[in-house]
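First chain written, first letter: the chains are A, B, C and D, and each begins at residue 1.
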Amino acid sequence: MANSKYEYVKSFEVVDKLLPNTWIVVRIDGRNFHRFSAENEFEKPNDVQALNLMNSCAVAMLEEFPDIIFSYGVSDEYSFVFKRTSQFYERRSSKILSITVSFFTANYVMKWKDFFPQKDMRLVPSFDGRVVCYPSNENLRHYWAWRQVDCHINNQYNTCFWMLVLNKGKTKKEAQDILKGTQTQDKNELLFQQFGMNYSNLPAIFRKGSCVFKNKVEEIVKHTESGDPVKRLRKKVVVSHCDVIEDRFWKDHPWILDE
Amino acid sequence: MANSKYEYVKSFEVVDKLLPNTWIVVRIDGRNFHRFSAENEFEKPNDVQALNLMNSCAVAMLEEFPDIIFSYGVSDEYSFVFKRTSQFYERRSSKILSITVSFFTANYVMKWKDFFPQKDMRLVPSFDGRVVCYPSNENLRHYWAWRQVDCHINNQYNTCFWMLVLNKGKTKKEAQDILKGTQTQDKNELLFQQFGMNYSNLPAIFRKGSCVFKNKVEEIVKHTESGDPVKRLRKKVVVSHCDVIEDRFWKDHPWILDE
Amino acid sequence: MANSKYEYVKSFEVVDKLLPNTWIVVRIDGRNFHRFSAENEFEKPNDVQALNLMNSCAVAMLEEFPDIIFSYGVSDEYSFVFKRTSQFYERRSSKILSITVSFFTANYVMKWKDFFPQKDMRLVPSFDGRVVCYPSNENLRHYWAWRQVDCHINNQYNTCFWMLVLNKGKTKKEAQDILKGTQTQDKNELLFQQFGMNYSNLPAIFRKGSCVFKNKVEEIVKHTESGDPVKRLRKKVVVSHCDVIEDRFWKDHPWILDE
Amino acid sequence: MANSKYEYVKSFEVVDKLLPNTWIVVRIDGRNFHRFSAENEFEKPNDVQALNLMNSCAVAMLEEFPDIIFSYGVSDEYSFVFKRTSQFYERRSSKILSITVSFFTANYVMKWKDFFPQKDMRLVPSFDGRVVCYPSNENLRHYWAWRQVDCHINNQYNTCFWMLVLNKGKTKKEAQDILKGTQTQDKNELLFQQFGMNYSNLPAIFRKGSCVFKNKVEEIVKHTESGDPVKRLRKKVVVSHCDVIEDRFWKDHPWILDE
């Protein structure tokens, strides 16, 4: 219904369909979460409840949007991938971006009390987001590898940094200086020698980040008269902290990339 | 810091800067709010508390983002305009869109209890959004006019529709048929003759929608020794239900378009 | 070198890089060639010299731009594909489009005399163009199939149409009416029964269009002292009128899609 | 007519309409013209016939495309502006860009003989191009100012450079070193003291570049019986080398920006 002579302004809107037959990744990222985590007194270097809250929002995403077939999160960021063939909102970039970030944000606020029952949320949390298309499965796998390598590098650094600050009484500046130029191996040594900590024993959720995806699980539907179980495969959204760089995960879950 | 051989995937990201020297309008719209408003039993045709909640979120937006200089809302949609010269996130479209919709959504959930103290929110609310640029002040004024005409048309129709359904016992189908093809004047007659209702006496918030913007208010800072007040102009975010189609509003608030 | 206070206008330019790891197809199309071919008295339904001129321009393209690995032309249109990994002008869409269409146009004018030595070119020829990205090899092969099916449909129709007009004295309107609603088989019958023409015997350049690509040819570089030839594989730009819908062509020339 | 199952590939094409109500500038630029001008032995620092050829192509552009209302050229570049309200090819960026650059190129080749009757053109000339939108008249005027300042800076430098090389026997490297760090005033001094040349006396086509636009000219249509002339205003494409930075030109030709 053309409502008025003003309706021409609609013609200024832009068509922003994403290239067909490409994986659509939406990555969202906490805005000003440095301050948000400080105000809400998140534990350093990792607050496991804050991570669980993020993961719980990701689970809600996969349950709400069937076209999201895998997601990966670390710290205050989360990436979701819509399948290659997705026609979600006709692949309009703005729609996909805005709905993803909005639904995630709503869940974050609504679920807060489940993870921090004793803390009122301070400040208004918000997330920014971006959309990126990947043409090949290899490109997509490299995307997850990129994020997981980043997780490792940041977590190892932050673990050292906060151990120095919290357990050795170093200032932040001193801790930075100590870590400047160190390599992976140096940081592992530092943790072991100064704190008796074996980095690889830290919880996987910190070291590997979190994957949320649909797994195929066998479930017993009923029993036959003779008492034998009747099973079927069902897809169930699961959270896992596995390695997504090596082939193994993708070989074990071929339906993710094959659709 | 180039973290790994996988980092090349970053090059697939798209630069999406909006044209400089144009007004940036972000319009957000409730996703599936037909169902959301039904589940949460919003009053029909207008739930004043639901509108007040939307307006309160808009106020929070203007207080958080100084570059938003005017906004207009009706029903479950709200439009925000960033000033022509805004360099908010370097005018990156995805950033502006995602942060706007995310911050609005977070406020919507957080403020719910203030407006519906006796109702637990059902369902997860979310909003989609889009970004549109307008080159001239005239285009921008026509944008607001377009939305306000739309508000009028929809509200008049919905008022008739729900009066027929709620007060005359018509089915939704019957109400639709009665209203099919009617003009503005016909609907006013219908309201007056069948329900004794003068449409123009309905609350302005329903008929005109809501504007949220920074008004210049004079305030007394202190008093001189002789008791005279010392005043200054301050900008204060206000909610109003005025006509934004005619010139008057814009002449009375020249700083909005002049910056 | 920032030359003046006016240089800010450069910031209005748009970054338009094409998605990496996709095939870049540029399709160009004669502008107003209906009139151009009439003024220059091209033969109907096909002017073989006009087609040869187009092919010659395509050959020049492949010789000038190494990243173009295949091209296909029919009538006054030609499509060129840049390889997936191409970094030609950093994959900037405007650069790729404008240079392709400009270089093709220049060749078209310069080579005219070689193909129409007895005709002065009338009117100024020009071409429009567009850029499309294809993520998978299958998509790209379907692109060529789409164009070749189009070639077939148009050529068969045009052959019938012009036979009716030129050899049966039908008006254009009458010819249109006769052909309305006919299928492929009907048109073949018509050509055979009314004109004794077997459509499949028409020159392949008309029925199949033209492919221009780099073929691997064996050439004798020199002879050994004992007189044996020393050969090497060399890439040479060739014109061919083969089927690009079936697998065979692509199996015989695997280096085109494999790079 | 959906011709086949392959036609889906058309859905990969991108909609690229330019923002309405903005000035559309297409700037084209000679590709590899450093080499092209060397091979064709253009005079240094400026070849007046090469410039006249460029201007002649620009005139052809304005005569062919009524929506182009002003253009400005210098060296091997030319900028054309389509009026704000233009609906040329529905403001599709690819169409506008490709047709502009193609038609210009065709003219360049076709007109060569008119300007270089004694020289066969060597190499195939081609041009790249880009499209930029400007929202306000001020932005557009600054665009022309930007190009004209650039013309001045480059021409002054090139004049000095080639005088040193051609008339003082300096090597190119020596000339560069002499000019490094010099200001406008220094270069004027150099030309005057070493070569007795007053820069401001050089031909305006070198110093100011060339404007091609539609001028309003009065012409005598017929004479009345009493012999009085009957005049009318007609728009005629003209070439001029005036200053487009100051207000004067725009005040004298108000129809250009007013449409």
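Going forward, a contact is a pair of C-beta atoms (placed from the backbone, for glycine too) under 8 Å apart; a residue touches a chain by one contact, two chains touch by 3 or more.
In this text, all values refer to a predicted model and were calculated from it rather than measured experimentally.
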Q) In how few steps can one go from subunit A to subunit D if every step must land on a touching chain? A) 1
Q: Would you mind telling me which chain pair, C-D or A-C, is linked by more contacting C-beta pairs?
A: C-D
Q) Just how far, in Å, is the C-alpha centre of subunit D from the one of subunit C? A) 32
Q | Distance between chain centroids, defined by C-alpha means - subunit B, subunit C (Å) | A | 52
Q | Centre distance in Å when subunit A and subunit C are each reduced to the mean of their C-alpha atoms | A | 46
Q | In subunit A, residues with contacts to at least two other chains | A | 12, 14, 19-21, 133-134, 139
Q) Which subunit C residues qualify as touching subunit A in the complex? A) 19-22, 133, 135-136, 139
Q.
Quick check: in the complex, which residue numbers of subunit A touch subunit D?
A. 11-12, 14-15, 17, 19-21
(Q) Which stretch or stretches of subunit A touch subunit B in the complex? (A) 1, 3-4, 6-10, 12-14, 28, 31, 60, 64, 89, 94-95, 97-99, 101-110, 121, 124-134, 139, 142-143, 145-146, 149-150, 153
